[in-house]
């Protein structure tokens, strides 16, 4: 009997080369970190069940799920708005999977597993906004896109989910969920856009 | 062009896909060929303010009903298109 | 070593004398300074002749100092970076710059094509429409090549542009075009009010006309006020000033286009940097403070090198400390022209005379003239004596009829000023005429846009400051910012007294459009021939169609047309203004999207494994798919593909089919929903089963197909073709949201969630048993054909297994979460090793589907009905569904439609090709007997011959008929037999086995 | 006055003072046998063919603005007959043959230049589709060649063959395709039609139809008064729905904006017309030296005659993907026209359900190349009351019967054609 290995492999496994990229000799203006192996569940209200879903979701997560383009941090998950009457549950460590969520949410909601359908990239540092301005048509000025703001939007003609996490060292952190099969392509576009600022690249198992 | 998605806020044209006139309503089951022909093929093609379907496929994937002036491209209202093309049963 | 800068003033100017720069023009070495443009540096070196005109190849010099320049166009840089038609007046000087004059041969001074001037009596406007017609064949062979060679200006590089470009978005409350006094005042008030401000300045130095004309603002010299203002703006975090950036267009919803020349002032962009950046700026309000353009007066010889716009002349002197001439005459019809006299005198230059077309000159100027000892002549310039070395003498017609001559080596001309009405007119607003300045001013500007200062026709420094300041404050207020704007900067307003003068009648060519060699008499001819509409005038004479888009010529041209056609200028009207305001490099509009990054690339979960396997890839939409996996020693693709097909049919193979669109359909009405979008029924599909479905467009034509499985009572898993994945999702969302809102259905794309592999061949079960948990029953009874359910793999991973077959073999498709796709491919290789497992690509997949007569892209052409494809029986008669009614139209159910049949050549050795047409045997091919065409072909290893599918008129009734395949494109004609499209295992025993 | 090099030389001696108007500046008469609404290429060509082929000279062409102010003056000047479906193929070839004799017919140099039109293919599937199309052309007696990669490389070596996202594999070439000077086509027809007695009336907007008791159209109301007509033909492209609505008709047409672009003039760089097969970009170079290029329609209904940046970027991206040598060539001007996009992407030439009113519409973004053919068959219809055999499938009722002519296979969604 053959020995099967079921090692998960990120779509960026090959393209992501940890370390410095682009302009050298300056402090890197962009930090890119891929977060690997997470659970991502799409929760969609059944017809006429949005209020009920809101109720059970609040019971499940302890906070109200977003009903507008926001990302809400709970103790062990991030709830990210993804459209009217629907949101993502992003978590790690098997805390919120199809199985665990089904028990509480499957009455008023349909669930769809997207854990493998996306790649998660965290973008930060001083030039993050300048770089994102090359990819995103939305306004990321601090007044227009505050901590906790989220957007279902497009980059390079590809659908993405973008939200602003808590600041790190006083600088904004942007999180980006990208479709897995587009990830390598968009990654190269990000690197091209970021290169002039100097880039520090890494990956992580933690958020 | 910028369209104010009622859910996402103002977004760039590239996030949306155009379908066409939102005035025709899909005839109910059992409608005649003439009625369906009219629905599928004939258009007012208004020069001025008209309502039309746009899909926010690059965003929240909602179908929208946009009121827009075809002479100036100015948009006066955007709302979800939910049910806009549904057959008017019993009407 | 570069020559001396013979025409450089000893001091003053905004050039950095500590930073000398070497450059070459037409191979000759020169030097200039940091802060020069190529034009100012050429002037400083005494160069007068810089180009040749388009039609007559007349010698031309520098006319302006800005982006409106029609004459001084050069090829800048060399090799792959050569940029034709670059305006010397805006090109920033850098060390090592190389430029060449264009449209001349063999040299600028001795241009053979200047012989065209001899034919000038024939080469009038539109002459080519009246000749070159005989004989007809001569046009492409003789006339046109000659015209094409003579036309055009500079030479493009002809090889790929080595530089990079990018595109970015910016957002603001108030966008300002121009950093002259009006623009800066607007930025001050808007910024102080708390608005987010972006100011774009075309020039590399901020200040606009302040840099040339100076003045006193708030009691400070202009330079000091400028520096103080820029400091204040720099301290505002939400005010962003982008120099070297031209706002070129305004689009819908307050979107503006701007081009930033990030690194054009360097020999080449530094590593990781772009040459230029395209900005898409979204602004609530826009203040156009883009100034005005001084206009020439049309008189004989007005194109002689050394004739220059008066404002440009003083810009060169004041800003660049370069002297276009030592003894200057001024021809003006307005007060502003006199500033050039003041500047020239201040720089120690000589004034030969002022020719003023107005009846009166102000006492101040009159006393300046007498003090400085130059005459003021009332009249007009009627001719210029000079040539490629510049102006020598100027002929003047004095008011009253007498003539005079003035000796001068430079002639400054001012015919008044035209506000830059481009941006405000791009939404087809038509500017209105103002008599007091004899110019068009903005009207009908796009929503949210206002013009201020000179761009609005108010030229005085005080007016520019106050209008700009008010416009900025109002724009900020409109955008919701009510902070304290403070007090507007104050300056005096100069008098702008003007007597319109467009054209001085006289002997010799008088140019309206310098670059296109359109003369006053061309306009008169156009009127005579009925081309009176300004658009006809433009198109017939080419007035205003050159690279400057008529910035210096349009108004004069229509003024002359107005005069000859007896209408007023506003009655004559303007042509439509079109963006971009200045020409923009095509590369900038493309940004990163060129070469291999033209479009995004989608990779399957097993892509990198397939790369390791040496696969050849094919582009399918955005996807890269493994097309075949060549092995050492195989001589061509056919050999590899044939091996792969045989391996599947004889053993087992697998193929990554993750590119299929995959959609989760949830909800209590999911079945009812699918019944409405498919022609067949899904609500009665049992849980754990899959079914093939076909959907139509509302016009009754087939849209897409695929299998859909029912995974739970309220959960279907739908697949689409690779090509239509996104479109089907959009269509289904339309049906769900817009047409059938009463149904409880939720849709999610799960295309990227699942890595899906087809495993096919008689040994499929053997392979699966290796990898699937032994507890799973894969027998025909335990997992029958069209079964679909979740299974556990060895190691515990959950997968979805579907017993469906595209190849016609015993086959399953297996799905695992995408991050395990790579492992799945490797594990399938391991598990299948004992059975000789063979990975196969899309070609083998295609061969096997043709052998089975399955339809695919070429048959799903968007014009075929279900019946055409042999699937008419699937159309339910018991329910309504999308496309049902229109599918019943007479022409779509006509008996003579082209339908899918199989074809095989009567000569078994014959190769088939898609795209051949089907003609009845024995007939001569013609439109009347063109009965169809070959859609798909393959070499079938199973049949050991080429086979194909075709759409053929009444094809199904003609099985067995020998017809003719006609392929004149490839010079092939041969007989084929129409046959059952299912070539392989027609009763389907193998896939059920 | 006949135009020739001799008349030019003679005119030069008198300082070109003796040239006459290119077409007469007519004032409307009370009644014409045929009134044509729309002074674009199609309307003027129809008038000329009515007068020259069918002997009907009491004809007026009514133009709301200046002649050629619609799509005739805003296109990318391409002529070709490389269509793939019955109905289109023969018609466009008829048109092509008329292009080939236009200048001698009209005594006006419209600079018809048959420098070739190539459609590139980038995949086997696309090659097969072009093979099918090219064979249709050949069967209809039209020139077509299928070029492989080597032949394309030889013919247009400056394409990006080395690092393209979608590498070129070959192309379908029609050598007789090319370009013509669009304004000159308008002026040439106006010149020749006017000489035969046709009245060309500019600044004359049709505001309504005059109908008799039976509903038959007997004339038009215009901004210059009522004009009687035996028959009224409309050839108003993007305004078709608006004009038809005055007669109470709804059409299977939407009006869309198509943008086009021209670069600064440069020395000869691009030989014929090149169409990218993996993106929205096609290009030719005008005799004046500008690269004339375009791509897809913006995709939304519009009468604004201007478009937006996404399409402008999309087109330039296509250009840079195909021929990155144009990166430093500058885009000089962009404009937009109103396309009468039909529900199957093919034109409509027919009588309408309103007696006396005839329609010529639905040309999508391909009307320019059809100009002479359209005029010819529309004149035939107006003169004989039957469709010309090469336009027999352009019937208005084909959408009702299902006999669509859908080259792109996109169905009843105009913006996809």
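Labels A, B, C and D are assigned to the chains in the order they are written; within every chain, residues are numbered from 1.
Note that contacts are C-beta pairs under 8 Å (C-beta built on N, C-alpha and C of every residue); 3 or more make two chains touch, one makes a residue touch a chain.
These numbers were taken from a predicted model, which means no experiment stands behind them.
S.K.: Of every pair of chains, which is linked by the largest number of C-beta contacts?
M.R.: C-D
S.K.: Can you give the whole-Å distance between the Cα centres of subunit A and subunit C?
M.R.: 32
S.K.: Go ahead and note the Å separation of the Cα centroids belonging to subunit B and subunit C.
M.R.: Whole-Å distance between the two chain centres: 28.
S.K.: Which whole number of Å gives the spacing of the CA centres of subunit C and subunit D?
M.R.: Computed value for the inter-centroid distance: 23 Å.
S.K.: If you look at subunit C, which of its residues touch at least two other chains?
M.R.: Residues 167, 169, 251-252, 255, 280, 282, 427, 597, 599, 601, 698-699, 742, 886, 889 of subunit C touch two or more partner chains.
S.K.: Scan subunit B for residues touching two or more other chains and write them down.
M.R.: 1, 12-14, 17, 19, 33, 37, 40-41, 57, 61-62, 72-73, 80
S.K.: Touching at least two other chains at once: which residues of subunit A meet that condition?
M.R.: Expected reply: 137-138, 157.
S.K.: Of all possible chain pairs, which ones touch?
M.R.: A-B, A-C, B-C, B-D, C-D
S.K.: Across the complex, what residues on subunit A touch subunit B?
M.R.: Counting only subunit A, the residues touching subunit B are 68-69, 82-84, 137-138, 151-154, 157, 159.
S.K.: Would you tell me which residues of subunit B are touching subunit C in their complex?
M.R.: Going through subunit B, the ones touching subunit C are 1-3, 10, 12-13, 17, 19, 26-27, 29-33, 36-37, 39-41, 53, 55, 57, 61-63, 72-75, 80-87.
S.K.: If you look only at subunit B, which of its residues touch subunit A in the complex?
M.R.: 7-9, 11-12, 14-15, 57-62, 80
S.K.: Would you tell me which residues of subunit C are touching subunit B in their complex?
M.R.: Against subunit B, subunit C makes touches at 169, 251-255, 280, 282, 427, 447, 698-699, 726, 730, 733-734, 737-742, 879-880, 885-886, 888-889.
S.K.: Taking the touch rule as given, give the residues of subunit D at its contact with subunit B in the complex, in rising order.
M.R.: 239, 241-242, 245, 250-255, 299-304, 308, 310, 343, 399-400, 412-415
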